[in-house]
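Quick notes on the structure that follows.
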Amino acid sequence: MKFIKIDKESWAKGLERLDDSFRLFGPVKQDKFHNFKELDKGELPDLSLLNTRLSPKSVVYPQSEVMFEYTLDENKEDHHILKEIDKDYSPRAVIGIRPCDAKAFLVVKPNFDAPEYKDPYWIKSYEATTFVGYACDTPCSTCFCTPAGCGPFHEEGLDLLLVDTNDHYLIKVITEKGENFLSAAGWGAEVDADAASDQIETMRHTAEAKITSRVSTDELKDKNITDLFEASFWEEAAFACINCGTCTYACPTCWCFDIQDETYGYYGIRMRNWDSCMYPLFTLHGSGHNPRDTKIQRVRQRFMHKLKYYVDKYENGIQCVGCGRCIRLCPVNIDIRRVCELMNSYGG
Amino acid sequence: MSAYIDKIKEISNRLLKESKVDMVIGFRKGTVPMMNEPCFAKTPQDVDNFVWDSNCGINLANYLTNREEKIGIIAKGCDSRNIVTHIIENKIKRDRLVIIGVPCKAMIDRHKIETMFETEIQDVIEADDKIIVKGDGFEKTLNKSDVLQENCAICIHRNPVKHDEVVGDPVEEQKDVDRYEDVRKIEAMPPEEKWRYFDDLISACIRCYACRNACPLCYCHTCFVDESRPQWVGKSQDPIDTRTFHFLRAYHCSGRCTDCGACERACPMGIKVRRFTKKLEKDCLDLFGWEAGMTLEERPPLDTYRSDDPDEFIK
Amino acid sequence: MEVDDFILIEQSSMVNSKRGIKVQNPYLPYPVRIDEIITETEDKNLKTFKLVFINPDDEEKFAYKAGQFAELSVAGKGEIPIGIASSPTEKGFLMFTVNKVGLVTSYLHAMKAGDIMGIRGPMGNWYPWDIMEGKNVVIIGGGFAFTTLRSSIVYMLDPANRPKFNELHVIYGARTPGMLLYKDELAEWEKRDDMNMHITVDATDDPDWKYNIGFVPTITDQEAPPGDADTYAIVCGPPIMIKFTQPVLDKLNYSNDHIIMSLEMRMKCGIGICGRCNIGKEFVCKDGPVFTLDQLNMMPKEY
């Protein structure tokens, strides 16, 4: 295992050098809160954050993404035929991503990169991205990454782990992709691995101890799907929900999308946009029938998907990394930790 | 406040026990600071969970739409005005409701308080007119009056306009508040500046529709943004579509909006959604002398015609 | 082998066959030309579209089985999932019968022969042809849900395939004679002696109507063979027909793993990614649309 130590001055210089070979994304404070955005030349990621308001999933999977274009002009030979468009899949790096958000990409991977079908947009973007994680020593009271199978120093999904030791950064090299990123930055001051590893371990323990949210997920896989589906607690659990899309849009592991055509005169595009299982339109049939017509059905779908269907389908844990965004942002205080406990303890 | 909650529980229990209602809609303590969760009580045990404090800003009228049960509902001034609007618009029947009025002492602005601190707020306690904010290694006392929801700070209808039960004596209504200072500032802008102002205002919008869905007025079965035939509004992040959504939604609320602040409170991106609705609220007041939800006896100005309706704006 | 196992195995073979072909972008439709449009029903709400691939190589890539569906793509309007009504044994074209309900289908109904559109697929699983080999097959259909059943009948009646199946029974009903799909073919099938054809309508005042009058469940009760290990029923129709046919099949001793159904859902991607068409953990577009009643009974009732 390789560890690099850099002072904060060479951090800035290295990022400047990386500008030539990578598109850099990082947290930036816009108005009142942080969000990930593509950094302008010379712009530094602002690492003074707890976490970003929205998850960085949009770096790989934008809220709106053009898939194809076409012309409706019948005088053109290829009218009404959809064409792929050129997209920028040059190397990009997301700097300062929290370990929970990085793990989230692995949680959604089985959906976009399934044995039978491959989503080319997600896969190409994902493969083009280097994940430079930022170890989290200030977890929030809404964080439950550890019970969700993740953690403030979790390395799954990261290529590099950046640890802030106040006077300098320690970087743990996790993958070859991470190694390449380091050489492009020109950071090479290798340090004694044992000492660095010990220091990081100590910090990790301190950070993990700060996570006080307890959520049990151990019983979920043994529950019967239809029992949980028909459980009596859904009416009460769903009551406050207003069926907005805040939880789904803020969530790093919500992946659902809609496909839409838009035209501007003869020019047209087919695009996809994030969608939400909270919206009635999500499942409305052309006939008017809607299998999830009521609020309770839609709320149940969201939690059953994350905490039961996903668990059963992929045997990859829950579809949640415990980032706590949905808890902090829900306008009516629906708390996934509470619903998870109801599900996990259902039926004794 | 503690007197209020005792009274809320007493009334709720009585209504349930006497089968006057099937459920009471109120708030239970939230799982994060400055949030309470709307909930229903069908039993005395459920009633025990009820809370009342300065974090009950969500408009509970939103939970009445098209319900059939006999319902007791806890209502601040603004909630009661939206209940009136619901009754006028046939979204709930008056005889199915027992309105438990709460003379409102104003709600605090969680977005504002959150942005006052660099680190996480872990606990917020209320004591008289003080708000004590605690986090890892800090504690700060704020004056409640400095951190009110903006709509509460300028509210002139804190007492419920209609109620069947009431949990306390009326509070004194605010007088001489300037309700439309911000609107006048925008009105005074030249068109280009106004346009830029609105573009900046909604630049963070993620089209999650929390503002719409938190609003008791937005009960349309199919909202215009969801129509596909014809499709009025695109579904992407195109700023034209985002603008269209906010402008049209505001117009759809004109003459109906009570400035309850639910939209702004709900927005996960901190957008000042009321900047749109308040202009129309002001116009309704200026043009028709109308304030929404004050009476069951009169139809709102935009669904009635009177020969003396102002028409100077028709050119 | 049980039917449950069958669907899993069939799917994995689909996976393998797909791996042989390099699918670049599963969202990109193959361009097709509308070759012919046939108005099927008296209310003119159902039209059959015969589509021809613009690039002849695409037809081979689109190798399908009876019971699968495809996304029809109209540039500028969007896509709709529609069951394939043609049979894999019919070469040179694809056939879809489309009910006019929404944005895309209404536009499609106004299109004309020669127009260019797109098609993605084939998608989903299919009726369990391997396991039904050597067995009796009872096809029960109602209304416009007869499309993939037509595909299935044509497939089984193909001279190369007919010997693979034992008795073939078809019960097909519509509200009125004018609402039946594929009327010419129905009449031909009636004349055949290697299948038992039972056409029915809910009601008619046509004095020349020579077939059954009665609801599909009633005709099923009268005409379907009793259930046994060697008899499979494929049921497709409106929810009300399915609701009343199920007890009839129970009465006739069909076991739940011998009752095969095809479901409909709102879909977008058609390949199990966009997330909307799930029933429990199954995606109707990818894990279905064909399920046995046994499988459905283990899934949440949310369809």
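Order of writing sets the labels: A, B and C. Residues in every chain begin at 1.
Note that a residue touches a chain if its C-beta (ideal position, glycine included) is under 8 Å from a C-beta of that chain, and two chains touch if they have at least 3 such contacts.
The model shown is predicted, which means the values in this text are computed figures rather than measured ones.
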Identity of the most central chain, Cα criterion: A
Chain at maximum distance from chain C, centres defined as averaged CA atoms: B
Top chain pair, ranked by how many C-beta pairs fall in contact: A-C
Whole-Å separation of chain centres (CA-atom averages), chain A against chain B: 32
Centroid distance [mean C-alpha coordinates] between chain C and chain A, Å: 38
Separation of chain B from chain C, taking each centre as the mean of its C-alpha atoms, in whole Å: 50
Contacts with 2+ other chains: residues of chain C: 102
For chain A, residues contacting two or more additional chains: 258, 260
Contact set on chain C toward chain B in their complex: 102-103, 106
Touch list for chain A against partner chain C, complex: 67-68, 70, 72, 79-82, 84, 111-112, 114-120, 225-226, 229-230, 255-261, 263, 268, 270, 272, 275, 277, 282-287, 291-292, 297, 301, 304-305, 308-310, 312-313
Sites on chain A touched by chain B in the complex: 30-33, 48, 50, 53-54, 63-64, 138, 140-142, 236, 239-240, 242-246, 248-250, 258, 260, 262, 271, 273, 276, 279-281, 327-329, 331-335, 337-338
Chain B residues within the chain A interface of the complex: 30-32, 35-40, 58, 62-63, 111, 115, 118-120, 122, 136, 204, 206-210, 212-214, 226, 234-238, 265-270
Chain C-facing residues of chain B, complex: 228-229, 231
